[in-house]
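Everything below concerns the one structure shown next.
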Amino acid sequence: MIVVMKPGASQQQVDHVIDRIEQLGLRSHVIVGTERTVVAALGEKRDGAKQALETGEGVEKVVPILAPFKMASTEVKKDRTEVNVLGLSVGGKKIGVMAGPCSVESRSQIIDVAHIVREAGATALRGGAFKPRTSPYSFQGLKETGLQLLAEARDQTGLAIVTEVMAPEQVALVAQYADILQVGARNMQNYPLLEVAGESGLPILLKRGPSATMEEFLLAAEYILKTGNTQVMLCERGIRTFEDHTRFTLPLATVPYLHQTTHLPVVVDPSHGTGKASLVATMARAAVAAGADGLMVEIHPDPEKALSDGFQALTPPAFRQLMVDCRRVAVAVDREM
Amino acid sequence: MIVVMKPGASQQQVDHVIDRIEQLGLRSHVIVGTERTVVAALGEKRDGAKQALETGEGVEKVVPILAPFKMASTEVKKDRTEVNVLGLSVGGKKIGVMAGPCSVESRSQIIDVAHIVREAGATALRGGAFKPRTSPYSFQGLKETGLQLLAEARDQTGLAIVTEVMAPEQVALVAQYADILQVGARNMQNYPLLEVAGESGLPILLKRGPSATMEEFLLAAEYILKTGNTQVMLCERGIRTFEDHTRFTLPLATVPYLHQTTHLPVVVDPSHGTGKASLVATMARAAVAAGADGLMVEIHPDPEKALSDGFQALTPPAFRQLMVDCRRVAVAVDREM
Amino acid sequence: MIVVMKPGASQQQVDHVIDRIEQLGLRSHVIVGTERTVVAALGEKRDGAKQALETGEGVEKVVPILAPFKMASTEVKKDRTEVNVLGLSVGGKKIGVMAGPCSVESRSQIIDVAHIVREAGATALRGGAFKPRTSPYSFQGLKETGLQLLAEARDQTGLAIVTEVMAPEQVALVAQYADILQVGARNMQNYPLLEVAGESGLPILLKRGPSATMEEFLLAAEYILKTGNTQVMLCERGIRTFEDHTRFTLPLATVPYLHQTTHLPVVVDPSHGTGKASLVATMARAAVAAGADGLMVEIHPDPEKALSDGFQALTPPAFRQLMVDCRRVAVAVDREM
Amino acid sequence: MIVVMKPGASQQQVDHVIDRIEQLGLRSHVIVGTERTVVAALGEKRDGAKQALETGEGVEKVVPILAPFKMASTEVKKDRTEVNVLGLSVGGKKIGVMAGPCSVESRSQIIDVAHIVREAGATALRGGAFKPRTSPYSFQGLKETGLQLLAEARDQTGLAIVTEVMAPEQVALVAQYADILQVGARNMQNYPLLEVAGESGLPILLKRGPSATMEEFLLAAEYILKTGNTQVMLCERGIRTFEDHTRFTLPLATVPYLHQTTHLPVVVDPSHGTGKASLVATMARAAVAAGADGLMVEIHPDPEKALSDGFQALTPPAFRQLMVDCRRVAVAVDREM
């Protein structure tokens, strides 16, 4: 850490900072510049020290040098993490595709979609059984029945099942049926949930919160990694900005940024990332070009009759076309799909 | 709802929209304009209909007319909600002040702070026992021990206790000790938590998520109200924007906006809202002038040694001054404090 | 427009709205719903009427139906606009690439870069002579000398010259040397500049302001189109959000959105859009996959010695590789480059 | 500046950074930490050096220590700047109020408003003659005629005139009539305009751009100060965020932040800052409580008939009440109005 003193900070204030640094078990190193004094704290610990120092009298700011996450960092683990579940592979040369409806609505709906997904070449089925809905008056999901239907769809198709878990006490139940637990954007910083989900041992798809920085996103992943579960996929699904022509703003630069910063694979969700069916296929292609390790796409046999988020779901033919088009882009960036 | 058709939409597409409106149990009303056709859907339901219609062929957009929340709305309940717990009153003429440390750290710390808070004239004590921390390497709170210390502080001072609850399974425990349950900003859309917290029957302080719209905020409150618990306080604590000189951006216009839109009282947290001790007192005054029904302020006997968020905590003398200054502003806007 | 009345609005208030609509030369049409009355105003004008109506007593909001831009709209002009200048083509099957340094710094620098750009297969040279710099203490450009050097580079290479114009009184001078006038992001809503630049008759590259909505962006283009100049290229260069790992957030969904909304071609600038050299090439590929009609890329023979924005400039070898990689993606989406 | 090397940066890369620092005329100071090497650059220049260093091989980031603005800084000038024009005083104990219509529309409108403004106790009249309008189809102002009417209003009332200037070539004309030149939010980074406006010698009201950071805002002021004109007022008028219930988000914490950072006075515009007449008065009170040195408020004799921005204009009685209410808050924070 670098402690920047205010202009005109007294020697006593500088000495106090030095004392505090040493009490924190760090070494101090003073640099007297032309306009400011700066004190470096060496051997830096990752937490608490920064804020302990920045409340000192005469301190202008404290600049951390080390990233606060460890286990997610490429500095700690050089080789890339690859998640393999049934036929789904995310993080290697092959791009994994998880597709399905926003919500499981009925047996026929989910079974039909599963076959469509499989035939188009995707290898995982997404579908919500426990649904976090902005309004309490909206459809809240089929709950355990939905999980059973997902499991039946897996039995028929061999697709890995990805479904959301919303509370720690749901984890055990959902883990009986699912192959991958999804932690949704609204719950990215629901730490009790991250811990219990991590302890399940199942691969976790962690969605970025709509106002989370990369540091917060990786620290949320760190909560899971700290349980000993190394199977974490990061999912970019759009952030909240002033833009009003899309539901969220999908910042694809997070894909190469995360590839430089962490060994965890990166999935992109162009359905939530745009909130408009007419933009999904194009953004799926862009995500593949940006290096995404996986795609998560909402499809529905009849979007107009969907019980949730129909406006962003692709029809089966549109999804098949997306797969064809994305495969061409994948090849152009030396990937497979 | 108003369904706006695309330019050149066919009669068949318009007819399809009319059919869908009627299948949804609504009445339709067609208006043929110079450049577009618009179909109004009357008798509107609050959920599902909008998205069912906006996926239709030839539909450009669907504009809702009614707000999606009901029980929180001034349209449904005209008189203002007032929360009274021990000496704390929020929502009436008197402005309630909840102050205390970010985290309960030790018996002496919380008992000392409680006396400072009480002597300065505040009527509730805040303090975290279960702490949601961005990093898993940060101090996570004293948990039940922290709750016991808070209860002891109440016994000595008569202050109402406000403390955070992070997961549904913590609610029963926390409710044994606390007078008011706080749902933190990270959990504003943690719906299982909102429901279980609501069912406790205790007053709830619901903090706005840093990227939540007013509609989302009020719908989160609606989850609590729907359990039959009417004691909900809305807390503005800052939103995430591009600004980098404060931790969050504190948008005080939400106070008068919420006063026009909902009967629920509005609390402002200038500590999280700015993230800088040097800005807290001024923003507390501004919040009072904006009509806040309550303030939530972080204080610490020795901010430099705080285990969390010391950079935004006021010292006891600074807090006493804040109370004096805010009282003057309160009187100038016909309130008391 | 649709005028939504407040719940409980009086008949007198509704009648007043109807009168105002008729005074504005529009037809009114009243719809009485279960909870609100709504008045449609037909034959809608594009300006002023909305705000005249929304200040009426008892009016809750006014919802416009028509987009406020005309000449930029695909509703008005169905065929796509193509800009062709010297060898540069933007808006057709071929993707145009404009590359060069942030600032023209010296004769050798710009001539060298021009040859590099040409050899790598790009068809326009960018370079700033008049530089808008955030700080008055930063290098402000070589001004007319810079323009002369750009013209010399064109003479040697045949590349079209794109350079920025910052004020109406600079337009005549810049137009003597440049093939395309760039209006920078900071000046997107500098209307006197848009008008004078438009009147030059040269093609205009209009950069999106970092907090401009699509509607504001297209209305800025409309200022140029209104001068009779139809050669407008829209350039997405990133928006300002809370993200701090990139300089701006590059929202590529604007590319397909604009393709659906306007006939004007869309260029993407991944250099400003990310502000980090290490992310530029990946985002250039993603932009091509998203359907960009052109790319604008900063390169510098020695980024470390650049007088401005070196941190986001590619080296010549990196740029050559970008061209190779983007060409493969272009082919995969049925384009050429 | 502090240059943070990447983990594993080679000695050669560190040496290269040291060389560059010395070539830039700075002194270097190396600190070898447990995980990173850090190189401090002392005697720091305010421009160019940062970016020259951050493009170096092996460099992770460069952290500036000094703020990039000088003349606006409280480090350079300790006493507060006070702007006095006719009866208007901004920056001292008295809070200046500038009120008037968005646009000058007619002789009777502006003369009437001027008398209302004066009688309510405000000391400056605002009104637009050259109007920057988002749409080219909107009313663009009365131009010189508008200026003449403003001057006539001054002659009748003694109010100082504040009006916007949009382009360098308009400055001479506007300066003939106005007492204070306003540089609008869209033009905050229109550097040629800032320079020419500064050279007029008139006091400048500089509005914050809707996505400008404090650093950018102060650097824009620096462009004016550098011309030798010290009469600069900073105006907070709201920023663009995801919030959709107000036109902009008004972040009042900028008031105390600017008071700590610069000696320039700070004006708040609650009309643009909220975009809703029903929120203006409350936010004006909050601005006064936050320490604003001035207020800028839009009023109109008949908002419903305003040619621009009627939705955010106060009626004359509402403005009189605002003045009464704000005066009470001013007294409560030891100011006058």
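The letters A, B, C and D name the chains in turn, as written, and every chain counts its residues from 1.
Going forward, a residue touches a chain if its C-beta (ideal position, glycine included) is under 8 Å from a C-beta of that chain, and two chains touch if they have at least 3 such contacts.
These figures come from a predicted structure and were not determined experimentally.
Student: Same or different for chain C and chain D, when you check if over half of the residue numbers at their contact belong to both copies?
Tutor: same
Student: Which chain has its C-alpha centroid farthest away from the centroid of chain A?
Tutor: Looking at centroid distances, D is the chain farthest away.
Student: Per the definition at the top, count C-beta pairs in contact and tell me whether A-B or A-D has more.
Tutor: It is A-B, judged by the count of C-beta pairs in contact.
Student: Quick check: how many Å separate the C-alpha centres of chain B and chain D?
Tutor: The mean C-alpha positions of chain B and chain D differ by 31 Å.
Student: Whole-Å distance, chain A centre to chain B centre, using C-alpha means?
Tutor: Each chain reduced to its C-alpha mean, chain A and chain B end up 25 Å apart.
Student: Please compute the C-alpha centroid of chain A, do the same for chain D, then give the distance between them in whole Å.
Tutor: 38
Student: Taking each residue of chain C in turn, which ones touch at least two of the other chains?
Tutor: Residue numbers touching two or more other chains: 211, 239-242, 244.
Student: So in the complex, which bits of chain C are touching chain B?
Tutor: By the definition above, chain C touches chain B via 2, 4, 7, 29, 31, 33-36, 38, 40, 42-44, 63, 65-66, 75, 240-242, 244.
Student: Show me the residue ranges of chain A that touch chain C in the complex, using the header's touch definition.
Tutor: Answer in residue numbers: 211, 213-214, 239, 241-246, 249-257, 260, 273-274, 278-279, 282-283, 285-291, 325, 328-329, 331-333.
Student: Would you tell me which residues of chain C are touching chain D in their complex?
Tutor: 20, 46-48, 51-52, 54-56, 68-70, 132-139, 166-170, 186-187, 189-193, 209-211, 215-216, 219, 222-223, 226, 239-240, 277, 303-311, 313
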